[in-house]
Structure formats: C-alpha cells, structure tokens
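This is the structure I have questions about; it appears just below.
Naming follows writing order (A, B and C), and every chain is counted from residue 1.
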C-alpha cells in the first residue's frame, strides 16, 4: 500500500472523511512552506463543523477517547500536507509534533494520549513518520477540544 | 505605507512605544538567528517594566482585553525583529506563532484571543504576515501575564 | 575544560549519571536530525526509571526544586545530543527551548524555573548555549513531572 492508501485506510477505520476542506477557526493559514520545511497549524479533532472529542481527559473523556482524538488531529495534519503537496509520499520526515491535552489536575498519561497520534504517523508514513514529540496537559483548548496537535515536517522533491 | 510605518501606526493605536529596549525576564536571549530563520523568545504583554494585561481570561480579563494583550505580544515580537534586522521589510514570512492564554477552566475562545496577534501580523506585514498558529489555554504564565506568544520567522536578504 | 567535561561536571554536581540509555515514554524517537538542525523530544526530569522531581510547583514543590528539575531536563536533552553526535562540541547553537512548568494557579515564576535549564546550557556550551526561550505554566505533565523541556539545536560539522 502507498502512504496515501494507508491514510485512506485510517480514515475508513476512524469512520471520517478527511478529503474535503479542512476548516480553520481563525485569521491564519493551515500550512506554511519555507524551503523544504512545512509548518502545520494546531489541529483540534474537528471533522467538518464538529469537534468530535470535547471535554476534559481524566473526567468525562477516557484515555481511549483521547487517543482517538489524537488520531483525528494527526489525520487532519496529514490531510493538510496531502492537500498542499498532492501526496503524502512527499513527506521526508515528521520532525516534531506537540500534543496538548485538556486534562484534570491528576491525569498524567499525556504520553499515552499522544501515542494515538504517533501510531497514525508511523502507520501511514513508515520510517518518515518517526518523529520527536512533546506532550503536555493544558487547562483548556479552543472549542473545548480534548486534544490539539501541531507539527513540522521535512518535505522532499 | 511601509511595513515599518504600519508598525508605528499600530504602536500609536495601542498607545505604547516599542522602540526602546525590550526587557527580558531571565537568563536567555530575545532573538536567535540561524541562517535565514529567526527564533523569537516568548513575549508577554510587557511595556517597559509593566505587564499591561495580567490575570485570568474568562474571569477578571475579558476577551477584548486578552486580544489587546495578544496584540502587544505580537508588537513586541515585531519590535525585536526590527531591532535585530533594521527593518521589518526583511521579514519574508512568519512561519509559526504559538499563543498561550492564561484562562479559566471554561474559557474556549483561545483562537479569538490569538486573532488579536494575527491581525497585527497581517496588517503590518501583509502577505509575509500570513502564518501558521497554535493557541492553547494554560494554567498560569510568567508574571501573571494573560497571554504569551512566541514565533519563528523566515528572513530575506 | 571542554564542553563534554563541563557536562560531566554538571552531572557530578547534580549527583546523577546521564551516560546510560535515556528512556523514552512512548512511541516516538528522542532526536530527529534534519540537515544541520536537531529536534529533541520533550524531556521530563527522569533519571533511569525514576522521575526525580514530581508534583505541583508552588505547592509541594519549591522554586529551588523546580529549578533543579529544569536542570535535569536540560542535562537529558544535552545527553541525547551527545549520544547522537558523539560530542557536545558539535552544538553550534541552541535555537529554542520551551519549558513547561506544572504549577499552582497562583505561581508566576516560570522564568525563574526555566533559568535552571538556561544556566546548564550556558555553563556547558558557552556562547553556543545562548538560546531563545518560552516558559509557561501548565496543568499537568506526563508522569506528574514538575517540569518538561524540549529544544531545537543547530549543529556544526
């Protein structure tokens, strides 16, 4: 399977389509390209007009739901790269992802939440998906999203 | 109007001067340049010795006040680039801004706060100011600041 | 003293060894190199299997303990660069560090906490250790760590 086919496979598995317009909630741009680097804006687990996982992880949101949220965030970021570059084959390496988790004061499994995003990147991109990562627990996120993720990718010609 | 004139216009509109020394609150440096990239340290809305917007957004700080805080943070970041490079004309593109908002547990308009910073960047820099963005809600910030912003810019010769 | 000797000196001063395997708590990689840039994943103050400073800064964790946590995080990041490149002499410049502090709602000395990390970088690397910095107060961190730090470094041949 190609990277794009594996992306479509993950979309099918999650039950969401990521091939339409990716909506952005403010006065900025989803992707900026500088030389061979692509910066992707912070993604919440929005599909169409709906943020599909909202609320505080460790309270009304379970670890499993939060991992799914992280997967949707990662898929959105990949969808934006695919739209920008035509194919995910162009991704040379994911350099860095930062994963912000809206959590309770006692929730400490941010790495496990972020593993949801890392699994998507590894499965879809293979070796090119092996990234550095920072995951932290924040107090709130835009639109009450449970997870937000941004990334920097190194692209190839 | 040139980018520098538009910067001065925004400073006038906000009622603050950004042409003096930009104070830094610790053992680090405000800007590091690596090749054509400029990294700017996290900026709180400090003018001179005073952080002009402090407190928790959604409680004692309104959305409008927080947007103004984000504007001051963005102006500080631009002031640092102008000091470093002589003119904002040198900015080729703002690649990424990250906006941290000290907020209540129920405040979810972080994107709207960050729009304050994005408006400054777009107005002053035009197309070069179109950036990627991540905005999150944090528990506290240095000196009880309501907003903190950092950025990476691509500079040109 | 060489940079590597100064690193060993700091390890001795902290009372920890940083020359073994640096454990990573999830499905990602500690360092990614892209051209001359090295991205280092978020580091908590873990030594071997133990996170040596846990809990909320401003409550059960003092400023001094948090500064020590930041020092350990910075040493871990340097240890990873040393493992990857053979010597810290290869570091041309630390471009950016981001310091996340798990704190109380009233704790505002995040810059002072981050100064712990900045002191390590400056002492070990000299001029190459002068970096940009963002420090914020978050609600929780992986494994209840008190501090987390990530960085980007520019390497030389």
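The working rule: contacts are C-beta pairs under 8 Å (C-beta built on N, C-alpha and C of every residue); 3 or more make two chains touch, one makes a residue touch a chain.
As the structure is a prediction and not an experimental result, all values here were calculated from the model.
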Numbering shared by both copies at the subunit C-subunit B contact, with half separating same from different: different
Turn needed to bring subunit A onto subunit B - CA fit, degrees, nearest 5: 120
Separation of subunit B from subunit C, taking each centre as the mean of its C-alpha atoms, in whole Å: 25
Multi-chain contact sites of subunit B, meaning residues that touch two or more partners: 37, 98, 138-139, 152
Of all residues in subunit A, those that touch subunit C in their complex: 37, 93-98, 103-112, 114-115, 118-119, 122, 130-139, 152, 154
Touching residues (chain side subunit B, partner subunit C) in the complex: 25-32, 34, 37, 39-42, 98, 100, 102, 138-144, 148, 150, 152
